[in-house]
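Before we start, here is the structure in question, set down as structure tokens.
Labels for the chains are A, B and C, by order of writing; each one numbers its residues from 1.
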Amino acid sequence: MSTPHFSLAIGVGSKNRNGQWLEVFYPRPILNPAPALLDGIARLVDYQGGNECIELDSKTLHALEDMFIDMKQDELADVASILEESDRPRVITILATDEAPTSTPEAYLKLHLLSHRLVKPHGTNLAGIFSLLPNVAWTSEGAIDPEELPERQLLARALGRILSVHSVDKFPKMTDYVVPGGVRIADTARVRLGAYVGEGTTVMHEGFINFNAGTEGTSMIEGRVSAGVMVGEGSDLGGGCSTMGTLSGGNSVVIGVGDNCLIGANAGLGIPLGDRCIIEAGLYLTAGSKVQVLDDQRKVIDVVKAGELSGKSDLLFRRNSLTGTLECLTNKSAIELNNELHAHN
Amino acid sequence: MSTPHFSLAIGVGSKNRNGQWLEVFYPRPILNPAPALLDGIARLVDYQGGNECIELDSKTLHALEDMFIDMKQDELADVASILEESDRPRVITILATDEAPTSTPEAYLKLHLLSHRLVKPHGTNLAGIFSLLPNVAWTSEGAIDPEELPERQLLARALGRILSVHSVDKFPKMTDYVVPGGVRIADTARVRLGAYVGEGTTVMHEGFINFNAGTEGTSMIEGRVSAGVMVGEGSDLGGGCSTMGTLSGGNSVVIGVGDNCLIGANAGLGIPLGDRCIIEAGLYLTAGSKVQVLDDQRKVIDVVKAGELSGKSDLLFRRNSLTGTLECLTNKSAIELNNELHAHN
Amino acid sequence: MSTPHFSLAIGVGSKNRNGQWLEVFYPRPILNPAPALLDGIARLVDYQGGNECIELDSKTLHALEDMFIDMKQDELADVASILEESDRPRVITILATDEAPTSTPEAYLKLHLLSHRLVKPHGTNLAGIFSLLPNVAWTSEGAIDPEELPERQLLARALGRILSVHSVDKFPKMTDYVVPGGVRIADTARVRLGAYVGEGTTVMHEGFINFNAGTEGTSMIEGRVSAGVMVGEGSDLGGGCSTMGTLSGGNSVVIGVGDNCLIGANAGLGIPLGDRCIIEAGLYLTAGSKVQVLDDQRKVIDVVKAGELSGKSDLLFRRNSLTGTLECLTNKSAIELNNELHAHN
């Protein structure tokens, strides 16, 4: 058993009346567990190797607690101690390798690894995750199978309570699972579990971060970070701005934002940006848009499709308000940029 | 009594301290009830005809339950059975005809019919509905009259609870009343009761659907479906896009979207679209905008106001990024379109 | 003690485990308290003058209740009566002057004064308020220090409850503290405590109002009112529109909107507007944008930066959909406007 393993975590979750998992909450997921820890756990839960999720009873959790105390793993001992008293379904998920997930508990563990900042977006294999995540009614009384909802809502009403449904989705909101350190998220309904929210990031009310997407570090996010998009250190997304995702519409290029960029309010981004780029408020830059490239004298040096400027740094995109022309200014490197553009033509 | 009736439903709701209805929840509304069912109910609740809402006590609900069991109406029997134990205000609303509603319970029934997909947007008479819907504080403890809220909030606080107010509005969120089958709604605060959400629709976090509006079938809704707007089968609304409503601003034309359309992120729509139309991301198309119509050789064949293109199919709208001109391309039928435009001039 | 005082309020709040204030709820804040009331309170709570917050025990609250009854201050007597039974931290905050706040209870009082419409945006000194507002997890079980959240969430889960985190922010949502009269707020997560929401205002689902910002009176707010921005009587903000704030990006000019303006859906505003101005849907007007000014014959009379049109009335901004030129039309006063523009050049 002493081969390196990808991850493990103890969790507690919800099932529907048919005994199918709806979701799992892992308070302390572990990346690359130490071999001694893994071996100790394997013995107690009868883990046979591979990627597996094993349901836990109170007795096993108590044995785990004792072992964690011996190993001076205080946080894990706390988790085991609290969960051994619970009557909810409890599980340990052990991933030998970072293969595509094959069960709901595995899928939830991978989403936790992202939101706990243990792996970065695109840093774990999420292939096929949609089909492993059941659609769930996320309610004031926890996760409920939509099939079971009507009866629950009527019963609650008859008793004078409201069973409020906050979301009906395959992904829960991140903050009901983890609030990573050093962040503010004004409206948590808009950040999915599986988002990677860098320390120092503020997500304002209009901000949004999908799963497998996020921010490297300090950022002010008032726009939408689509699935797969990573925003570099120090970059800000203005109110209501859009980053084109790869899930629906758009193109197949993964959009990203470099460091210290500024995307204006109500603007949009259809190409990956380098560092220190600016997109003017209200301007939607799609890959196919033709752009006049200006030098530092504001002289036109080229006309290219925006997609050809992908990943380049120090660019400012704006629409000339008198001619309607989409312009790209560059303060630092107009001549190099021009050479570079034509070099790969 | 054996004339055809429009609708009936048994519900449970909330009143303020003055005994005025705040809202009604109807778990199983019925469109065009069978005459035998209606007659049986009429006898038990002393219904005299017309559009009426009649409060129910536990004894009457018990009698209704027995009758529903005899009629093998299991779902209705369940509703009656659960509500006969309740101490909340219970009501049966019977609509002989689809006239304009005249009470809060009638108004709520019509909103339910829409969200249960029993009638389509514009398919039931909602005239005057705003004045029948009281403004309500929708809270973690249910519907509260805003006048009664300050005392309730202070009392909750003194007891160490938080009485959280999720919305102050005439319309509640749909999902606290019904979650129709086959949908995902990432942030339910953004879909009002009275929305018609077609099976297969996903409403993402930035999506919004007003009452008397919705989607025919499979759609990805990441933009705003204003009151009165219907989105056809297979059409997608990109993140943050806008459809102009008729309630405030805009024009009096009802906006709609045909089948298999794509409205880009942060775009906007001020005219009704036919099928297979595309609006480029970031482009707001108002009815009064002048548009260059291009043929499949990209030659300008006409300049018209966008409103003249209302309802036509196979159009692509974009802003030329070098000239700033709003262009309409059409792959299939440029010549026919041109003829058609000038035919009605 | 009989000098005029700025404000006082009795509140109840939350502290973290270290005894630090997280937030304070003041049900009935008072601006410019009557000297007799202030003097009576000062004696009972041992107030020595200046800006101070003094914790209250049940005995003192009972004495305050008796005094309020004697003074026929029924609302204050109710507050004291309810809070004397509470085991939560209670406080009276007295502000002799409107200086910059120096504690969390003082900061919260100032935010309450705004949302109770006792002072207008920019009408109270908020200097340094960010550092006085701790970052709080706003949950279904009240305000929680983010440090204490993981354990609370795990315990709740083990017991089969969900401890849902609605927001992680320095500012709470306004409606958990006060719902001012005559407003609708469809999604309360989008209006911060410290917003000033004028009577007759509807904030739709896409609307947003930051602290120290708001509406004078009747308005339909479907866009974003940034910190510091005030919207005049009768002005509407279309869906998804943006008003440039002064906190991040943008310029240092405080943006405001005059009376009876209309900002179109997905539009944006980077200059202060006078009265009766219109910005076309989808148009982002930044201060640096060059604008063609047209007279009532649609003849170009000038080209200026939009910033030079700051605060002027009766302007309509649009982008010419054939030329891409940003145009400013004025129905009433083209000649006067022209003279005025050149007078200050």
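Heads up, the rule we're going with is that a contact is a pair of C-beta atoms (placed from the backbone, for glycine too) under 8 Å apart; a residue touches a chain by one contact, two chains touch by 3 or more.
Computed from a predicted structure; not experimentally measured.
Peer 1: So with touch defined the way it is at the top, what topology do the chains form here? Options are line, ring, star, complete, other.
Peer 2: complete
Peer 1: Rounded to a multiple of 5, how large is the rotation, in degrees, that superposes the C-alpha trace of chain A on chain B?
Peer 2: 120
Peer 1: Can you compute the centre-to-centre distance for chain A and chain C, using the mean CA position of each chain? Integer Å is fine.
Peer 2: Chain centres of chain A and chain C, defined by C-alpha means, are spaced 31 Å apart.
Peer 1: Out of chain C, which residues touch more than one other chain, so two or more?
Peer 2: 140, 166, 189, 240, 266, 282-283, 319-320, 323-325 - these are the residues of chain C that touch more than one other chain.
Peer 1: Can you check the complex and tell me which residues of chain A touch chain C?
Peer 2: Touch residues, chain A against chain C: 12, 25, 27, 78-79, 82-83, 85-88, 140-143, 166, 173, 175-176, 178-179, 181, 183-189, 205-206, 220, 236, 238-240, 262, 264-266, 280-283, 319-325.
Peer 1: Using the touch definition from the top, list the residues of chain B that touch chain C in their complex.
Peer 2: Chain B residues touching chain C: 135, 137, 140, 146, 149-151, 153-155, 157-171, 189-190, 192, 208, 224, 226, 240-242, 244, 248-249, 266-268, 270, 282-284, 286, 289-292, 303, 319-320, 323-326.
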